[in-house]
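In what comes next, chain A is part of two complexes: it sits with chain B in the first one and with chain C in the second one.
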Partner chain A sequence: MNDEMTVEAEIRRYSPGEDAGPRYERYVVTGAGNMRVLDVIRRIYATSAGDLAFQFACRIGRCGTCAVKVNGVPVLACQERCVPRMRIEPLTPFPVIRDLVIDRTEIEERYARLALTPAPPAAGAAQPLPMDPGLAERIGHLDSCLACMICVSACPAVAERPFDGPAFMLKLGYMHKHPANDQDRVDSAMESGLLECFGCDACTQLCPADLSPAQEIRELRRDAVLGARSRS
Partner chain B sequence: MRTHAIALPRDTTRQSRGLLIGNVSRLLHRVSGVVIILFVLAHTLVQAVRHFPPLMFLNAAWLGPLQQQPWLHGVLYFSLVFHTLYGLRLLVGDLGVRIDYRLSLWGIVGLSLLPLLREWGRYAGF
Partner chain C sequence: MSAEQAFKVEAAYDIIIAGSGAAGMRAAIEAHDRGARVALLAKGPPRANHTRMSGGRYNAVSGQNPADSTGAFLGDTLDSGCHINNHHMARALAEEAMDRAYDLESYGLAWDRKEDRRYVLTMTGGGSFVRTIGSVDEGIGITEVMLHQLYKRRIPVLGFHMLVEVAQADDGHACGALALDMAAGMWRYFPCKAVIIATGGTSQLYETSSGPVINTGDGIAIALRAGARLVDIEFMQFIPISFVYPPSARGYTLTEPAHYGMRHYDPNADAAHLLNNQGERFVLKHDPVRREGSTRDVLARAIMLEILEGRGTPEGGVLMVPDPRVFESFLKERPIYVKRLLENYGEDQARFQKPIQVMPSALYTLGGVQVDAWCRSSVPGLFVSGEAAGGVHGANRLGGSSMPDIQVFGRRAGMAAAEHAAQRSEPDASGVKHALARVQALEAPLRRDGGLRPCELKQRIQKLMWDNVGLVRSEKSLTSTLTAFSALREQSLAQLFVTGKTRILNREWMEVMELENMLDIGEAMATASLLRTETRGAHYRTDYPESDPHWRANICVDKVRGRMLAARQEVVGIEAAREPAVAVGR
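Right, the complex of A and B next:
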C-alpha cells in the first residue's frame, strides 16, 4: 500500500515582470506510494527549487489554498494522489503572481460586491433567528464552500462567456435561501451570468467540499422563471 | 442516507483521473447540435438541387449514394435523439427537478445509441 513511487513532475514556472514567458521545469521525486501532489511540490521546493512559489495552509482539504491544476484538471494539491507523470499549473483563468500562486484580488472583490453577509438583526433583537432545521442543515452545508476556485477553473462557461462562475452562484444561492437575506439574489445572479451556465456539472464533480454549485444554479434559474414560491 | 450536514472533505484523491463527465456531456451536446445543423443545411441544399430547375444541373451522381450511407444515418439519428433528450434534461433541471448528472448522461447516451445500432443493424441485414 505504501510502496515507494517515482513521480515526474513538470511545474509551470513564471514570474511576470521577470520572465519573458512561462516555462515548464521537470523534476523527479521519489516518495511514498500514497503521497499527494502537495508532498511533491514541497519536496521539490525543499530539494531542487527553493525559489518555487506555491501556497498551502491546512493540508487537510479545508482551506482551499493549495488548489492547482494537475494534468489540466483543477484539484486540491493536498488531497490529490500523485500519478507517475504530472503537469502542475496554477489555476486558470486567474492572473498569476508567481509560479503556482494566483492573484485572488478580483475574487475577493467579486465576493465583496455580492455582499454575501446576512443582514444584521434589527436593533434590540437579541433573539437568535428562527430557522427550520432542514433549512439550517442545508445552509450549513452550502456554507462549507472553501472558495478554492476549483469549480471556476473547471467551468467551461467561465472560459467562453461572461459568467462569474459556479462558486459565486453557490454563494448567491446560499444567500437566496438564508432567512436573513434582504436582497434580490436572483437578480444579482442574473447580472453575474446565471443564464450562461451550460449545466454540465463539471463543478459538482470536482468540488472538494462535495457541494453542487450546478444544483444551486438550477434552483436560482427555477426561481428566476417560476418565482421564489416554487421552492420546495 | 445522504444528509446536507457540514461534511469533511470527500476523498478527492483521484479526481484528475478518468472522465470529466461535464466535458463529455457538453462536447456531445455541442457536436450533436452541429451535426443536426449540418444535416439541415445539406438536406435543404440537396432538395434544392433535386427539385429546383435552375439548380438541377448540379444534381451530381454522388448525391444518391451519399444519402444511403448507413453510418451517416446512424450518426444523424444518434445526434437527433441525444440533442433532444439532453436538451430536455437541461430544461427539466432548470425547472427544479434534481437529476444525477452521471446517470442522466449515460442513460441518454444509451437511449441515443439504440436508433444508431438499429440503423446499422438494418443495413447489416439483422
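Right, the complex of A and C next:
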C-alpha cells in the first residue's frame, strides 16, 4: 500500500451559459498506488483548479452522487481505481450544471412519477408487516440501489430507444415484489420501455452496488409475457 | 451580476426544513401530513446525507426479546450517556423508537427477519440486551424509502440549496430562511412561519472523520448565531474502528458487527480482540470487565492513546483480530462491508482470517442545539432535530441509537413546527432587508482577488481540532486552540478568496461559508471542553482523568456579542428518571 502512482488526467471543463463550449484541461497527480479517481479529482481541486465543479459526499460508495465517466465508462469516482491516463467527463446523457456535475432534476422527477411507495398500512397497525425472511432480504438488496445512474449511462438501449433505463426497472422490480405493493408495476415497466432492453447485461456488469437490474428486467418481462401466474 | 440581481424572494411556506437526511425527511412527512406547506432544502443532491452512510442499525424495544424493556433501553441510554442526557428526550426515544421503526416498514423498508413476523435482533456498543434491528440495505434503504414518501406527497426537495441564515422578526420569531441555490447561482429567501434545522453534525471539523463532506455544522452555527443555545457541544463521538487506508476511505467506519464477532448475537461472548504493535490487548487496561465489548468512547480513547504513545502500526492504526466464525453471517448481513474490506485490505482480511487495521474517527456530534423534547430551541419558531440537536445521547451514544433518534425527533419536530405554524399569521417579507445585508457580506470573497484559499484554512482547523479538541484534551491544548481560533477569525476569515468568480456550483465559495460555521462550532467545542474539568463519556482530559460529581451536569454555550459564553446547567428532567418507564400504547 505504500507504492505510488502518477496519473495524467484530462478533465472536461464546461460552464453552460458562460463558456462557448467544453474544453479539456490536463493535470498530473502523484499519489498512493491504490488511490481512487475521487482522490485525483480532490487533489486537482486542492492544488491547481480551485474553480473545478465536482460532486461527492460520502467517498465510500453509498451516496451515489460522484458518478463520472472515466475513459468513456461510467463509474463511481470514489470507488474506481486509477489508470495512468484518464479522461474524466460528466455522466451522459444528462444535462451538465457545470464541469463534472450533472443536473439530476429530471431523474428525480422520473422516480417521483413511478410512485415507488407501497400501500399505506391500516391505521394503528403498529406491528411487523408479515413477510418471508428470504423475501425481506431480497427486497432489502434491491432497495440498496444507489440511484447513481451508472447503469442508465451505460445502457445502449437508453441511448437509442424509448427506455427509461435499468435503475428504474430495478426499482419497479423491487415494488413488484413488495408484499404491500398495490399497483401494477409490470404495466409501469411496460410504459417505461421494458421491452426495449437489449439484454446486454452492461447494467449488471457496472453496478457499484453489485445489483442486477438485468435480472429484474428479465423477471418483469416474464411476468409481462406469461403473467404473474408463471411464478411458482 | 450584482447581489441584488441574484436575490429572489420565493413564495411563502409554512415550514422550511434544512437537511435531507432522515431527520429532515421525517419532519417533512409529519408536518405535511398535519396540513403544513413544507419545502426541504438539501445542501447537495438529496441523497448526499449522513443517514445514507449509516449501517442503519436501529435500537428499539420490539417486544421480541422478552428480557428487554423500555426501561432497560432508557437505562442503557442514560448509562452510556453518563447520566447527563436530557431525560425527557431519552425517555421519548426509548418509548417511541419501535413505532417509528414500523413507520419505516410501512414506507417500504424490510427489516431483517428470521420468521414472517419476527425480526433478527442483535447487540450494539454499550447495549445490555439483544434489541437492535437492521436491514440489509442499511442507511441507503432508509433514505430511499423516505425520499419516495416525500415524492408521493409532492413535497419540494430543493437540491444544492445551502441554508445560510435564519431570519427573525422583530419579536424574535423565526420568519424566513435564506439559502444559496448553488445550481442556479441565486440567493433565495423563503418567508415562512417556522424553520426546522436538520443539517446534521460537525464531523468535518476533524482531520479524520467518518461522515459526509457536507457535515460542517452549518445548521448548529446558524442557530447559535440566531441566539439559540447549544448543549453538550464538547462531546464528539469517535467510532473506534474505521478504515486506515486507502486515503479516500480513511476514517470510514468499518461497522460494528465486524468488531463484535460472536458478541453481536450474545451479550456474554467476546468481541474481536484489539492488539497494539506489541501484540498486547491494551483495552484490558481501560475496561477489564467489558473488555473489547466496551462503549465506543472507551475503545476509541484506548486505541488513540496506543497510537499517540507509539504503539500503533506504521500507518497509524492498531490491529483488530476478527472472528472467522462470524464471517458467513457477516457476509449475509453486511455484504457491502465485505466488499470494502476486500477492496481496501485484501481477501484474507475480508474473510476475517487476518488482523484488520483500524483507527478511531470522528463520527457523531453528541451535542448540538439545545431543544426540549419537542425539538423547540430557545429561538421561537426555530426547531432542531437529529444530529444537529443535543441532549438525547448525553456524553456518549449507544451504537444503533442515531437511527431511532432521527426518526423519533424528526417526527416530533414536524409535529411541533406544524402546530407552531398553525398559530402564526401569514409570513411577510420583514426579514428581506436583513437577508440582503447578509448576502452582501457573503459575496465579499467573490470580489477578492487574492488571499487565503478556503481549503487551506479548512485543513488548519481540522488539524487543530484533531490534535487538541479530539479524543485527548488538556487545558494547554484547549487554550492554545482557542488562541489559534481567534487569530484565524481575525486574520484569516477576512482574507478568504475564491479562484473562480462564477456563482454556479462554486465549491470554494461554499467552503468559505462553511468555514465561518466551522470556526464558530470549533470555538464552542473548545470553550465547553475547557470548562469541563473532568473526564466523562467522549470527553477525556489528561489533566482531569476522573469523573467529577459536580460535573454530572450539562454545559451550555451562547454566543453573545461575538463571544462564546459557556455555563453549567442542571440536567433536564433528571426527576423523570426515577419514575417507572412505561411503554407507549400500541
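Simple rule for what comes next: the second predicted complex is superposed on the first by the 229 of 232 C-alpha atoms of A that agree within 3 Å, B and C clash if a C-alpha of one lies under 4 Å from a C-alpha of the other, contacts with A are read in each partner's own complex, and residues count from 1 in each chain.
We take it that a residue touches a chain if its C-beta (ideal position, glycine included) is under 8 Å from a C-beta of that chain, and two chains touch if they have at least 3 such contacts.
Being a predicted model, the structure only gives us computed values, none of them experimental.
Comparing chain B with chain C, the partner in contact with more residues of chain A is C. In the superposition on chain A, contact is made by A:210 with both chain B and chain C.
Look at A:218: by the touch rule set out above, it reaches chain B but stays clear of chain C. By the touch criterion defined above, A:156 lies against chain B but remains apart from chain C after alignment on the C-alpha atoms of chain A. Of the two partner chains placed by the overlay, only chain C lies in contact with A:15; chain B stays clear of it. In the overlay built on the shared chain, the residue A:173 is in contact with neither chain B nor chain C. When the two structures are aligned on the shared chain, A:38 is found in touch with chain C, with no touch to chain B.
In the superposition on chain A, A:144 makes contact with both chain B and chain C. Residue contacts after overlaying the shared chain place A:90 against neither chain B nor chain C. In the superposed pair of complexes, A:65 makes contact with chain C only, with no contact to chain B.
Across the superposed pair, chain B and chain C both touch chain A at residues 36, 60-62, 79, 137, 140-141, 143-144, 209-210. Those residues of chain C that touch chain A in the complex are listed here as 44-49, 52-53, 98-99, 102, 105-119, 135-141, 144-145, 147-149, 151-152, 154, 157, 159-160, 183, 212-214, 245-249, 252, 315, 332, 335-336, 339-340, 343-344, 453, 455, 498-500, 502, 504-508, 586.
Considering their complex, residues 3-17, 20-23, 25-26, 29, 90, 93-96, 98, 101 of chain B touch chain A. Partner chain B is touched in their complex by these residues of chain A: 36, 60-62, 70-73, 75-76, 79-81, 83, 137-138, 140-141, 143-144, 154, 156, 198-206, 208-210, 214-215, 218-219, 221-222, 225-226, 230, 232. Interface residues of chain A, counted against chain C in their complex, comprise 1, 15, 18, 31-32, 34-36, 38-39, 45-46, 49-65, 78-79, 97-99, 101, 103-105, 108, 111-112, 115-118, 120-121, 125-133, 135-137, 139-141, 143-147, 175, 178, 180, 209-210.
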